[in-house]
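Note that the chains take the letters A, B, C and D in the order they are written out, and that residue 1 is the start of every chain.
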Amino acid sequence: MDMKASVIGATGYAGVELLRLLDGHPEAEIAVITSESSTGEAIASMYPHLSGRIEKNLQSMQELDAIAAASDVIFIALPHGHAMKIGKQLRGSKTKIIDLGGDYRFKDYHVFEQWYKVKHEDPEAQAVYGLTELFRDKVRGAQLVANPGCYTTCSILALVPLLKYKLIEAQGIVIDAKSGTTGAGRSLKAGSLYCSVNESFKAYGVASHRHTPEIEQIYSEFAGEDVVIQFTPHLLPVDRGIYATCYAQMKQGVTDAQIEEAYQAMYGDEFFIRLRGKGVCPELKNIRGSNYVDLGWQTDKRTGRIIVMNCIDNLVKGAAGQAVQNMNVMFGIDETAGLRQLPLVP
Amino acid sequence: MDMKASVIGATGYAGVELLRLLDGHPEAEIAVITSESSTGEAIASMYPHLSGRIEKNLQSMQELDAIAAASDVIFIALPHGHAMKIGKQLRGSKTKIIDLGGDYRFKDYHVFEQWYKVKHEDPEAQAVYGLTELFRDKVRGAQLVANPGCYTTCSILALVPLLKYKLIEAQGIVIDAKSGTTGAGRSLKAGSLYCSVNESFKAYGVASHRHTPEIEQIYSEFAGEDVVIQFTPHLLPVDRGIYATCYAQMKQGVTDAQIEEAYQAMYGDEFFIRLRGKGVCPELKNIRGSNYVDLGWQTDKRTGRIIVMNCIDNLVKGAAGQAVQNMNVMFGIDETAGLRQLPLVP
Amino acid sequence: MDMKASVIGATGYAGVELLRLLDGHPEAEIAVITSESSTGEAIASMYPHLSGRIEKNLQSMQELDAIAAASDVIFIALPHGHAMKIGKQLRGSKTKIIDLGGDYRFKDYHVFEQWYKVKHEDPEAQAVYGLTELFRDKVRGAQLVANPGCYTTCSILALVPLLKYKLIEAQGIVIDAKSGTTGAGRSLKAGSLYCSVNESFKAYGVASHRHTPEIEQIYSEFAGEDVVIQFTPHLLPVDRGIYATCYAQMKQGVTDAQIEEAYQAMYGDEFFIRLRGKGVCPELKNIRGSNYVDLGWQTDKRTGRIIVMNCIDNLVKGAAGQAVQNMNVMFGIDETAGLRQLPLVP
Amino acid sequence: MDMKASVIGATGYAGVELLRLLDGHPEAEIAVITSESSTGEAIASMYPHLSGRIEKNLQSMQELDAIAAASDVIFIALPHGHAMKIGKQLRGSKTKIIDLGGDYRFKDYHVFEQWYKVKHEDPEAQAVYGLTELFRDKVRGAQLVANPGCYTTCSILALVPLLKYKLIEAQGIVIDAKSGTTGAGRSLKAGSLYCSVNESFKAYGVASHRHTPEIEQIYSEFAGEDVVIQFTPHLLPVDRGIYATCYAQMKQGVTDAQIEEAYQAMYGDEFFIRLRGKGVCPELKNIRGSNYVDLGWQTDKRTGRIIVMNCIDNLVKGAAGQAVQNMNVMFGIDETAGLRQLPLVP
């Protein structure tokens, strides 16, 4: 019998991507979908690509307990600050929760409060950080999963093997990341207009983006020491995708073979991580619409650095896809269920 | 047991889209893939988005009989002029053939010769025209299916109900169609460079495009009289999609209700055709990556015309998707198998 | 001494394009720029591409008489409904007015009221319709010029020679037009977001767009009979440009030579109109950023139709460029002054 | 009387951009234009946006001495390896030469040979490196100017003030740069097709791009010590533009005020460099089609780094525009002549 999955905040880009993936999932069915700003409206009238397939009306999330009762799992796809209220209210419920926002991503809730400038209302929650490939065992038993951010997933996966096996210096890391425009969300801002983004490119949130401490937290965990990084996001004129170009100083004497081994050791058996190997630059389009992670790298003898290039679809592996992957793990089914679509190329 | 499907000409855009769809098909498996220009190469090295999923080398199609013996169905995704040789050679074989090119689309092979400027080498072939929704019964028993063109599928589906039910004049039809750039193929031409297409738009093949007689053939069949149309293709700066804006004079006294009924009568039960109804303009993005056909229409009292707007993904419903749909029908399995992916939005 | 030019409504796309062109104009200087929503703000902080060049603050247009006193010419780049108030207030002033909106474009103000659903407040105004190539002599002596719409300029120029010389039937004309996204303006709508427009395409305003009667008015004038057209606008995923594909029935016996002669007779000496001739499809990019009009055509023996393809930059020849061209004519200076920039290709 | 300017290699993107700028130059006229692959053809038939303006046929460059005799200045817009032959042949001629390729950019020709894998045929040439803002005085008297590369101009201008005033460490610099697709040139490669570039993004030439030593050469000169950098280029899905995100370690105790002063000291009076100041991220679109350089920066207390974001139009300030700027300086006319066009926004 299918799992009943509800989506709180179904009209944002991550929410609607969840609907796309859940619709194609062989063992899930969509239960309740909510939107506070469009309560009562048909999702297919807002998103006509869903017509004839997802013919449901949006509900309010006010009746949270009833929604939980009707659901095996609830996905929360809201701006930060909301999930902690929902998580608190549903504590002890048998419904599993996967939050796509920032509320539960930090071990130390003070870090959240410092970077998000909001008081945490559910600091005692026991959430598991849902970067599936790294924390699969914990996700398996989790009641509450904090799904990682999009830049975060891409950046973390890029360098964790090198930190874990101590092949790079833990300090001096620079991550220059570029995101498709769905990453800016669906709210109406002049900067998100077609004529603002098209034929343009820019950095933003330099030295202040909230995904920074999230990346540092996991890097530090694997490095066994505090890691401070330089993280710079940019806005790309494409719909989807994150491309992270990561710079790190190699430790003395590290060989290409050691690097390749580190990646193989951690990711060699991972379905969704495709190791392109040395000298290969992955391309954003080759992962579009899929849950794949395409990773390549190059070393530079002149500088002693390794440059790791990693890319994902921000709405799939960077949000809804990884959320479904976590759901699969939490419910003990095939981790790739509903996520085997090949990238849409061209 | 899975059907064995081979793709002759697997490296063009239509070929590689076939691979994407066949990979996700629950009852098919890819047998042989060929390319004369890249024989021996791994398809995943040309198209890295297939890595880890379709790890096959491209073969030559010279060993055609062996390929046929290893295949339940062969898709031909070559430029026109090749399929007729293959079809002729495999006549009598038990392997079914679906040709995505123009060779077998015309009842009268002289029309082919006139518009394609090539002598037909297999004029006695008994091919079925594979516009599935219109010719499903014939497709079911077919050995050789001529898959329709992309502009053609979009244009034909737009007006056939109105012609069949005699709601519009058969003469005076204008079809102004726009295609994504995959429609121009993957060959290296200055006009297909990014900097030529991006931020641009143009008509081409005005009054001479080869899809014209194909549309007229089916229009005439349903209208019961010879139909001559004005067809103008344009190149859109998007990867995928066909958008046809179709203009026809309504017969005296025709009502909106009759129009809606005609569409419902022919398409009301079709899974892949979504009737948006009067006053709705479909959008290209809402069908991207899917086998859907989104159709809307408007009438104009001032001119007595109906304007029908229809759109499809040229690589899916306009090529590989419809080919798989035909395969499903030919083999008696669920017509939507492998084709239920929702559009990729945004 | 330079003409003093003011722009009422300087922050929309047409307004800011006026600033770009006036800045490069050898005989004009920018006097006052206004915006009611951003009064007091520096234009260069809203539009950083103007930094170091146009360092002015936006004023309110409330002090209209003072603005007029400081200006030789006022451009009005506001939504319809405002210019008629300004025009009325400034009647008798020595300041010339060029309105880029719809208020003064119709000979019969009832047509305006019918299509724009607003009461006209200045019906006695004597405005000249500023399609420069067609009405240059009237523009020369005008005090108040109604600058044509973008779709309008493109569509009118395409067919007027054929109507004037009676080479096409006046009835049955279909104009299938496509506009870049600046045509949708800078207001915040979900449909104008990057992720809505990118990789998409759609018709809108079918059988109801307000540029329809404007085109018909001029067609009728040149045809010497009432012309009713079918006009369908579409939204293109590019920043700039209008492409009109125009379909008309040729009169019996009309030759290619007659068509070419008609175009040469009317446009042969026009600096901004480039006649590409028979069989040539113009491309949008080739006029980008310029005041050029690129026109090509094809005939179809099978249908007896001529297809005229015409394109302009909607912000230049379709708005600000033509406005400056009209200013040049009104002030008796070189008509091409400030407008000789070549298109930006690629 | 106008300067006579010839363009050797007029059909590439840089060549045709030179034509655009020279056409609009008040004191230059185009003399000879050449192309070996299209000798005899009209430039306006290859590039229809030039129709009616630049009606010249392409010549061969074989008659080099005659071309030189007819020219006050020759621009060379060819792939590397050709200019050194032309330069050698024209040594002693009174015609000035501006080379847009790599041949003459290196003080030490061995560096050229090492990175370009070609033997230098004119190692004794006395070329001036034409980054105008930095070497204006030398350009003034030069006979042969080596116009800098696009990535190079953008990267050099970003950090030179900080190196000169010793505000950053000379080692550990990382430049993550992104280029529009015109940067890949007009040759026919699968990777330059619309459907390859659109909706994609990728790094290339990692740790091996030829602009690396060119940047290092000038950095070292201003730093007074050998500088080795990490330089990574990427391909952006836009026509034009270079965006360089530059990372450097600030020296102990350096203040924001010192940084601002360094930029003001070097660039405060420069017409084409717009200092956006601290905390501002420039946007690519805001310099499109212009010779402007838009520079912003941010510091990060957590890491001690400064991040400088700099952008230019690769075809203008990164190629043809700077070439014309150099020409202006060499001939002692207003440095901004022909280069005052505002960016095309949107």
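In this text, contacts are C-beta pairs under 8 Å (C-beta built on N, C-alpha and C of every residue); 3 or more make two chains touch, one makes a residue touch a chain.
None of the values given here were measured: they were computed from a predicted structure.
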item	value
Most remote chain, CA-based centroid, reference being chain C	A
Repeat of interface A-D, chosen from B-C, A-B or B-D - more than half of residue-number contact pairs shared	B-C
Geometric centre distance via CA averages, chain D-chain C, whole Å	36
Centre distance in Å when chain A and chain C are each reduced to the mean of their C-alpha atoms	46
Separation of chain B from chain C, taking each centre as the mean of its C-alpha atoms, in whole Å	39
Touching two or more other chains - residues of chain C	13, 182, 195-196, 198-199, 237-240, 282-283, 285-286, 288, 346
Of all residues in chain B, those that touch chain A in their complex	13, 16, 20, 23-24, 47-53, 182, 199, 239-240, 271, 274, 276, 282-283, 285-290, 292, 294, 340-346
Chain A-facing residues of chain C, complex	13, 181-182, 186, 188-190, 192-199, 237-239
Partner chain C, residues of chain B touching it in the complex	172, 174, 176, 178, 195-196, 198-204, 206-207, 228-230, 232, 234, 236-241, 243, 245, 247, 281-286, 288, 298-300, 302-303, 305, 307, 309, 311, 346
